[in-house]
Amino acid sequence: MSAEPGPQIRRLRESITRLHRELTRYRLVAWTAGNVSARVPGHDLMVIKPSGVDYDDLAPENMVVCDLDGLVVEGDLAPSSDTAAHAYVYRAMPEVGGVVHTHSTYATAWAACGEPIPCHLTAQADEFGGEIPVGPFALIGGDDIGKGIVETLAGHRSPAVLMRNHGVFTIGRDARAAVKAAVMCEDIARTAHLARTLGTPLPIAAADVDALYDRYQNIYGQRPPLPRSP
Amino acid sequence: MSAEPGPQIRRLRESITRLHRELTRYRLVAWTAGNVSARVPGHDLMVIKPSGVDYDDLAPENMVVCDLDGLVVEGDLAPSSDTAAHAYVYRAMPEVGGVVHTHSTYATAWAACGEPIPCHLTAQADEFGGEIPVGPFALIGGDDIGKGIVETLAGHRSPAVLMRNHGVFTIGRDARAAVKAAVMCEDIARTAHLARTLGTPLPIAAADVDALYDRYQNIYGQRPPLPRSP
Amino acid sequence: MSAEPGPQIRRLRESITRLHRELTRYRLVAWTAGNVSARVPGHDLMVIKPSGVDYDDLAPENMVVCDLDGLVVEGDLAPSSDTAAHAYVYRAMPEVGGVVHTHSTYATAWAACGEPIPCHLTAQADEFGGEIPVGPFALIGGDDIGKGIVETLAGHRSPAVLMRNHGVFTIGRDARAAVKAAVMCEDIARTAHLARTLGTPLPIAAADVDALYDRYQNIYGQRPPLPRSP
Amino acid sequence: MSAEPGPQIRRLRESITRLHRELTRYRLVAWTAGNVSARVPGHDLMVIKPSGVDYDDLAPENMVVCDLDGLVVEGDLAPSSDTAAHAYVYRAMPEVGGVVHTHSTYATAWAACGEPIPCHLTAQADEFGGEIPVGPFALIGGDDIGKGIVETLAGHRSPAVLMRNHGVFTIGRDARAAVKAAVMCEDIARTAHLARTLGTPLPIAAADVDALYDRYQNIYGQRPPLPRSP
């Protein structure tokens, strides 16, 4: 275990609050139906949105700290009803530092049809390394959703999974990366839907998808990365 | 009858004003074409939007108080032209504390086709308990719209009804719940439309719909609920 | 002729500036591609947007006053390139006090197909009294567009016309009514498009369309109407 | 070579920062995925967005100055990963003063299908002089994208090219004109998509397209043009 997690948790409460604003800015969520969490690095803890609270009312002090079984450690409110799924992912995938869940409409339309999003866009090759996969139908309330996420993402480069008849879960090395994946997933789901209803989207050769993915993961952005709040 | 309704009405004027902002925020309304009302608990009264007033100009003091026959009790402006429909619902459904009406575009497209929205999404099972039903075509100006709403919702768990060739009415235990149902109805109508134009949406088993509905109605959110303005 | 038009023009410069904000609020326009004008009541004059000026930069003092041949009477900037069409409408239709032109996307999609929007919605019956008609293809630069608008609207209750391969023109007793018609036209064009791509929109009986139109034109809103800036 | 470029660069840093706000205002970009650049007139230099920086965090001082081989001349951050493509265009097309790249969704859907946007709209004839062409599939990392842009636009009046499976590049006499072309390209791609999914878009005669293009390029807007920041 690392040093006392207090200062880290304080910073994560702030950054998770800010990151929820990206969900509303990009219109990925309606009412209170999406959530962001972050692992507390070096501790078996996570910071997550409280359940059923308006996005306008989110503040660092009403975020909830849970252990990785989803039990509340710090906070007066009940955590997101999706806490068990977030916790399962953190337990199973130690490299994951952030998890996001939305019902963003275009991605959820693909999920409702149980169809993975085929890779017709260079931006999709960059971020997702190929198709965005579909996970199983799973009921809320136990580990089924978490298991479905982990089993689906295990075999893919994609940080996003379309859970059948449900919505999107994304992962990242931190919460910001998971939010980025959620934003890009909806953008790509929308473009792919528009392309499908327009005509016949053209494939990208597998070798080109690989080249794009490798380059983007290793070259894009600032080196070293810009300093960010954790 | 309860005590004098003055303080309750003052609070409801404020909350109804605020809730109309959710209609514009989620782009459920164009120009002046949607409205929210609330029952005054314990009194045969309702608070409702004035007719044809811009959303930007709504304020607690220009809301209209009517009795449950739709007659103005307090207020200088004429009430919403949909007042008769709201009043009919309050008379017929004593458990209803709030009513919302919109022409939100995706839901209204389903209404224009006279098709209920089948349940392909867990979020729909949660909030609506199954398909979102279609009510009859009815002309404004008497009790026909109110009757159509009540007769349709009587047989459903759904708090939303798609009135044929017209738009959406939603109900709730209070006005906030009815506004939430209006927001979720459009979100689901949109996702269902996108899924239909994409491919073949997959059904959810009836037992799973029931399980999701029961859980969401009884567990989601904060226990006890967060304090809210009435 | 009435008294000196100075004070009227000052008020119209302000109200036209404000009304352009509704075009951007409802996303009816991209870049500088839409415009609002108002007749100066009792004078053969109109106030109109300058050509190619950003919506953010519009202000009462850069609006342009033209006569009804489209010649500039007051103002340093060139008027909208659609001025000839606005002027033609004011010359031919003395009851018209405001004209709006947009390329709002859903309505323009119907215009690109040369299809009138059939009446499947009570809100369309209310505001447009039936289908929204299509006008001819016409080149800019003379009276062809104005003639096309007037000849098409002459035979309809609709205050909106879809000019083929071009966009929308709407009219009203004042500029505010014409802006309302432009907002509602796009809202209805969108809903009608979504209904068409969803399934089979159901017709409304002609007698019901008439009843809805008569009621809305005569009863909706405040009696007497709310005071507004002219 | 002209006089020292310092004051020009300072003004361009400001105007490029402002112009990126149009990309977010019109929702042409998600996360950090689009960019604007400007040539420094009279110098073999360009000002461009830094790579992977949030639009909210863009400021004149973090823009990057590169030479026309894409090498950084001034600035602490790495330039956009699309810098090589911008630089290629400036080298090959001396009349171009600004370049914009987006993945705006409707235009990118046409690009995913490899279909040029046929000219069904007068606004498209005005700005693009006919269809909006498709360029080749090209991998990032060398001159392939730049070459594809230049070779495609060489044979067209259009200032926009849809790069296959990728997105949009637009050019202009300055950065503002290129941003306008990016905004109009998406607006037209959207309307054309909606027309295609609605019915059968009607063609415009080639002579009419020519007449519209000539007029718009020579008459529209203010004469002389409004003063703008460079």
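In this document, chain identifiers A, B, C and D correspond to the written order of the chains, with residue numbering beginning at 1 in each.
Going forward, contacts are C-beta pairs under 8 Å (C-beta built on N, C-alpha and C of every residue); 3 or more make two chains touch, one makes a residue touch a chain.
Keep in mind it's a predicted model, so treat the numbers as computed, not measured.
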| item | value |
| --- | --- |
| Subunit C and subunit A - chains in contact with each | B, D |
| When subunit A is superposed on subunit B by its C-alpha atoms, the rotation angle in degrees, nearest 5 | 90 |
| Subunit D against subunit A, contact positions shared by both copies (same if over half, else different) | different |
| Averaged-CA centre spacing for the pair subunit D and subunit C, given as whole angstrom | 31 |
| Centre-to-centre distance between subunit D and subunit B (centres being mean Cα positions), rounded to whole Å | 45 |
| Junction residues of subunit D - those touching two or more other chains | 197 |
| Chain contact graph, described as a line, ring, star, complete graph or other shape | ring |
| Interchain contacts, given as pairs of chains that touch | A-B, A-D, B-C, C-D |
| List of subunit C residues in touch with subunit D within their complex | 30-31, 33, 50-53, 77-78, 81, 103, 105-106, 108-110, 112-115, 137, 139-141, 164-167, 193, 196-197 |
| Contact set on subunit D toward subunit C in their complex | 26, 120-123, 180, 183-184, 186-187, 190-192, 194-195, 197-202, 204, 208, 211-212, 215, 219-223, 226 |
